[in-house]
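Residue numbering begins at 1 within each chain, and the chains themselves are lettered A, B, C, D and E in the order written.
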Amino acid sequence: QTSARTTVKMALDWTPNTNHIGLYVAEAKGYYKEAGLDVQILPYTDTSASALVANGVAQFGILSSVGFFTQRAAGVPLQPAYAVVQHETGRVVFDGTRADIARPADLDGKTYGGFGTAWEDALVSTIIKGDGGKGEFKTVTLGTSAYEALASGRVDFTLEILTWEGVNAELLGRPQRSFTYADYGVPDQYTTMIGGMQPWMEAHPDTTRAFIEAAEKGYRFAAEHPEEAAEILIKATNGMLSNPALIKASMAALVKGQFLIDGDGTIGAMDPARITKMGNFLFDHGLLRDGDGKLLETRPDFTGWTTNAYLSPQD
Amino acid sequence: MRLSAVRHQAGRALPALVSVCAILLAWEVYVDLAGVSPTLLPAPSRVVEQGWAARAVLLANAGPTLAATLSGFALSLASAFVFSVAIDFVPVLRRALFPVFVISQTLPLVAIAPLIVLWFGFGLLPKILLVALVTFFPMLVALVDGYESTDDDLQRLLRSMGAGRAGVFRRARLPSALPYFFAGLRISITYAVVAAIFAEYAGAQRGLGIFILNAKNNFRPDLVLAAVFVSSALTLVLFALAAGLQRLSMPWRRA
Amino acid sequence: MRLSAVRHQAGRALPALVSVCAILLAWEVYVDLAGVSPTLLPAPSRVVEQGWAARAVLLANAGPTLAATLSGFALSLASAFVFSVAIDFVPVLRRALFPVFVISQTLPLVAIAPLIVLWFGFGLLPKILLVALVTFFPMLVALVDGYESTDDDLQRLLRSMGAGRAGVFRRARLPSALPYFFAGLRISITYAVVAAIFAEYAGAQRGLGIFILNAKNNFRPDLVLAAVFVSSALTLVLFALAAGLQRLSMPWRRA
Amino acid sequence: MSPLLSLRNLALTRGRTPVLADISFDVRPGEFTALIGPSGAGKSSIFELLLGNLAPEAGQITLQGAPQDAAFAYMPQRDALMPWRRIIDNVGLGLEVQGMSRRAARAAVAPLFPRFGLEGFERHWPAQLSGGMRQRAALARTLVQDRPLLLLDEPFGALDALTRTGMQQWLEARLAETRTTALLITHDIREAICLADRIHVLSPRPAQILASFDVTLPRPRLGRPLPAEAHALEARITDVLAGIPG
Amino acid sequence: MSPLLSLRNLALTRGRTPVLADISFDVRPGEFTALIGPSGAGKSSIFELLLGNLAPEAGQITLQGAPQDAAFAYMPQRDALMPWRRIIDNVGLGLEVQGMSRRAARAAVAPLFPRFGLEGFERHWPAQLSGGMRQRAALARTLVQDRPLLLLDEPFGALDALTRTGMQQWLEARLAETRTTALLITHDIREAICLADRIHVLSPRPAQILASFDVTLPRPRLGRPLPAEAHALEARITDVLAGIPG
């Protein structure tokens, strides 16, 4: 048991944050060790986690929902095996004191501070159109500075992860309001997932199962002991999480919003129907392209794009 | 005459073509043989193919970047010149300003992007300022060191002729700095396009930087590299112009 | 003697202190009077205070960055020297290699980060290579232009003495390039720390770049700026060292 | 006549080398003064003091009339041609500094080129000239400036006898015509005798004036055999330089 | 005795200036040859041809024995001191190039400094020396190389008579002792007569040899009055240079 532990590498999608909580808890609580694994969480890099996974630098990675669909459509056999959050954590945010924005249709003609994905365009215009607007707005690609730009009024609205940026705005007492995607015709999705390459996972089912189960155990512990989990995360990241209040509040939001464990007790599992819905949405909006950058002509069959096969036996 | 001149120029470009082609070929072969996934490193042939397919978008995005590059570089040249003159005339300024300029070169974009957005918005101006900020320092160092390289005999001679500080500067220090200036120019113009691309990361509607960011976030490394090809080509043209200007400006070196 | 030397050095640093302090003061006052939100631009006093509180983490992260900076810069110096010599001895290499080097300067990190991770992993090596890549070009241009500035009379003299190509290089071209070398050194060392910080975005466990990224994503602009202070201080020290070395290496200029 | 220029008890140390011990002499308007002395004595340093490039350790320099920076046309010992200016623009440099346009300066200096044996080299770069040609260009540059006081530091050192005599003759005539005051550093005793009204002989470093001679030979002196008087003077100066007491 | 060095019908054009028209002469081993000619004639260019810095348009140069790059010790017309080397290291440069360590080169050249009037300036930088001192340093640098052939381009142009005579005497003695062959460019006819075994007089550009003279005066010639024969030769050469037919 002590000797030959299998080494597994895990790639992150962003700087360490509460979405990664279960991964760190599992390490600290020895769940990986129990499962015979030696898990190395790779440092966050400019390179997307899916690229690292696709090229074997890491066996597992945090996949964003849209990123995954894009890549899989292009022929990279990524496969999510665990949903970190059970519902969409993203939302549209804007300055709460703005009298001219009451509903998504009011966003027409406004300036959007974006991050540079094709998905955002479809997302925002769907939301505006879903509210009866024209879906026309100006995009300024900002990346990391979107929230400062919003705070200083240089852009009118942007997107955020409500359990991170949203929580921070609340902590700072910023009068911020938001629109939820699902309210305006965008399907709900598992925003953040853990996955690997399907062929690799199928070739290494035991390792995969061991890893996914350990992670699940970590996330379950975090959902049940958010304060303690927050401490673990802060400690494990060597002072990089320099805003402990944010971590705690974010954990509270993840628990309160039933993101880590859904109201019905679901943890990690993905509903194929929801995946298909999201896949169809992306296909219908022309966001799925093949390996040569050409629009997919035929609607893919999304079943089998994700799996729940490596989760612990559901009770 | 015309034909032979053309042939001569082509001959000068030959080694460059050979080496660049060799690298592209090696890359193509490496990707092929090592079976590198195109999600990581697409083959150059694919980059060219996809870049060509996206040429309209690429061109539309190259425009703003080129505009920022050229205006920013012009501003950089002008201010490097002004500051170098000020430093030359008021030596204490050198000690006072150099640390500030050095610090200005160490500011990472993530740290200042919010401020730039706050102060200047998303127009051309902030890009121009950022390009100027990045390319300014090599020019300044080169000019200041160039002035210092002036032969004392020449300065004494000019003073004996009744030239004042300004006359000595214009007639001896400035021409003496020319070779240094061009070393600085070639260094600095190399950074100008990249600087404009980076500047766009602070917030922009269009530009090669935005194109790259989009391509990357949409998992299109082939388009990322296509944009890099365009930016490299722009840089090479600017660099070649600088080198040509250098040859033209120092005829006495060639005689 | 010792005391007066210390006082002399302090006197030399005075204008720098004055200007840097003036900027910090202006910043403090601006933040105060304009009521800029500390989430956008914290006052320097706050930056210092919070930076001091986080000094242990800051220091732990400054270490790897400094290591990458110094090793990368050493590699850069060595390879700039080697390539400059090669170009000097085989002139066609100049036309062949310069375009390649210019292109190498235009590669945005986002484009090459995946390759770097794939080829070199997450250790110190890729950072060293990236720092070398960024700082190499100014040194190369400076050296090559420096060699070209050599007085023909000196070279003819050496040849008459029976010196071969290498002897002429070592005894005339190399010393003639010294002032250019130092102009290039001062430019290039200024970029070294920033380059190391950027290199960390390609993947690192620790380092000022990682610290900045995390502080940014954790909404701590004060700590972002504290790290920028540290990186600026490092750069200033390196720059001052380069300037001091320059003075020491050219005693005939001071006599 | 009151002196135009007066040097009083000048002393100078450069680095740790004592260069000038005690130099005093006057220059009257229109007078041609030659300084002669061993190599390294400090002759060029005297010029640097006059030009204000160096400050004396002791003593003082007084100049009547023109301010110091408009008084002298100076020809340095090394030619100090600017490599980036064509010969014609090097020769016209002083005129440009005085405010003339480049075009006007070229027009003003071009007629001198044949006289200086530089015809056809107007548009050459300095690096394309022989040593003697560079020296002639530097001399031309100095003379066109038309300043009240001429400082010439070994202006003919790189010239062959024939060219040199030609230049000297021309200089003698030109100075007589313009009544310019001149100071000439030379190591050629005969040259000093042919050109100067007064000759100061300097000792080795640290320099002081060993002897001064008035030269009263009739002018023009060049282009015809020197009188016996001149030969006697030459012998006398040679003796002074050799340290043989008179 | 077969010539050590032989120049045959050399012609040279630099830029668009025809510099050498037709230069032929031989140099025998141990012989001291002087080249005399007007400024800008092409004297220095002949040296550049010998050194292989320029290729002749026509004609050829043959050298017996040593390969070209080990044959000459060359003193250029402009001193070409390296600003970044102390005087002692400038003087020792040739020895270092020949493979001596810097320390050994310093030890080898240090004893020469008093003789060249440079004692105490060993550790100075070239910029801290007077024009004549620089020239002497350059001369010393050339002589210490101990090459079979010496090329001296106006080595005494910046020196006063006394210093010059001292240097010349020393050179004459040294050459006699080492049996070195020497080529001297000078514009001083008397200097040529005092030092040379053979004098070639060059025409103005494009240069050809107007006349050649053997100088058979007894040695040592310096430090004592020249015989009448010498004065006659001087007059003859002056006439040739002035274009007066013999």
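Throughout what follows, a contact is a pair of C-beta atoms (placed from the backbone, for glycine too) under 8 Å apart; a residue touches a chain by one contact, two chains touch by 3 or more.
Just so it is clear, the structure is predicted and the values come from calculations on it, not from any experiment.
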- Starting at subunit A, figure out the least number of steps needed to reach subunit C through touching chains. 1
- Note on the structure: Joint neighbours (subunit B and subunit D) are none
- Find the chain most remote from subunit E, comparing centres computed as mean CA coordinates. A
- For the pair subunit C and subunit D, the C-alpha centroid-to-centroid distance in angstrom is 50
- Query: How far is the middle of subunit A from the middle of subunit E, if each middle is the mean of its Cα atoms, in Å?
  - Reply: 85
- Centre to centre, by mean C-alpha position, how many angstrom separate subunit A and subunit B? 39
- Note on the structure: Residues of subunit B that touch at least two other chains are 36, 40, 110, 114, 118, 213, 216, 255
- Give me the residues of subunit D that touch two or more other chains. 15, 78, 124, 127-128
- Message: Where in subunit A do residues touch at least two different other chains?
- Response: 51, 55, 144, 148, 152
- Touching pairs here come out as A-B, A-C, B-C, B-D, C-E, D-E
- Message: Please output the residues of subunit E touching subunit D within their complex, sorted ascending.
- Response: 14-15, 17, 36-40, 42-44, 77-78, 117, 120, 124, 128-133, 135-136, 153-154, 157-164, 187-189, 238, 241-242
- Item | subunit C contact footprint on subunit A (complex, rising order) | 14-17, 42-47, 51-52, 55, 57, 144, 147-148, 151-152, 168, 172, 237-243, 246
- Note on the structure: subunit C contacts subunit E in the complex at 151, 153-154, 156-163, 167, 171-172, 175, 178, 250-252, 255
- Of subunit E, residues touching subunit C in the complex: 48, 51-53, 69-70, 72-74, 76, 78, 80, 82-84, 93-94, 96-98, 124-128, 145, 151
- Using the touch definition up top, name the residues of subunit B that touch subunit A in the complex. 36-40, 50, 53-54, 110, 113-114, 117-118, 121-122, 200-205, 210, 213-214, 216-220, 222-223
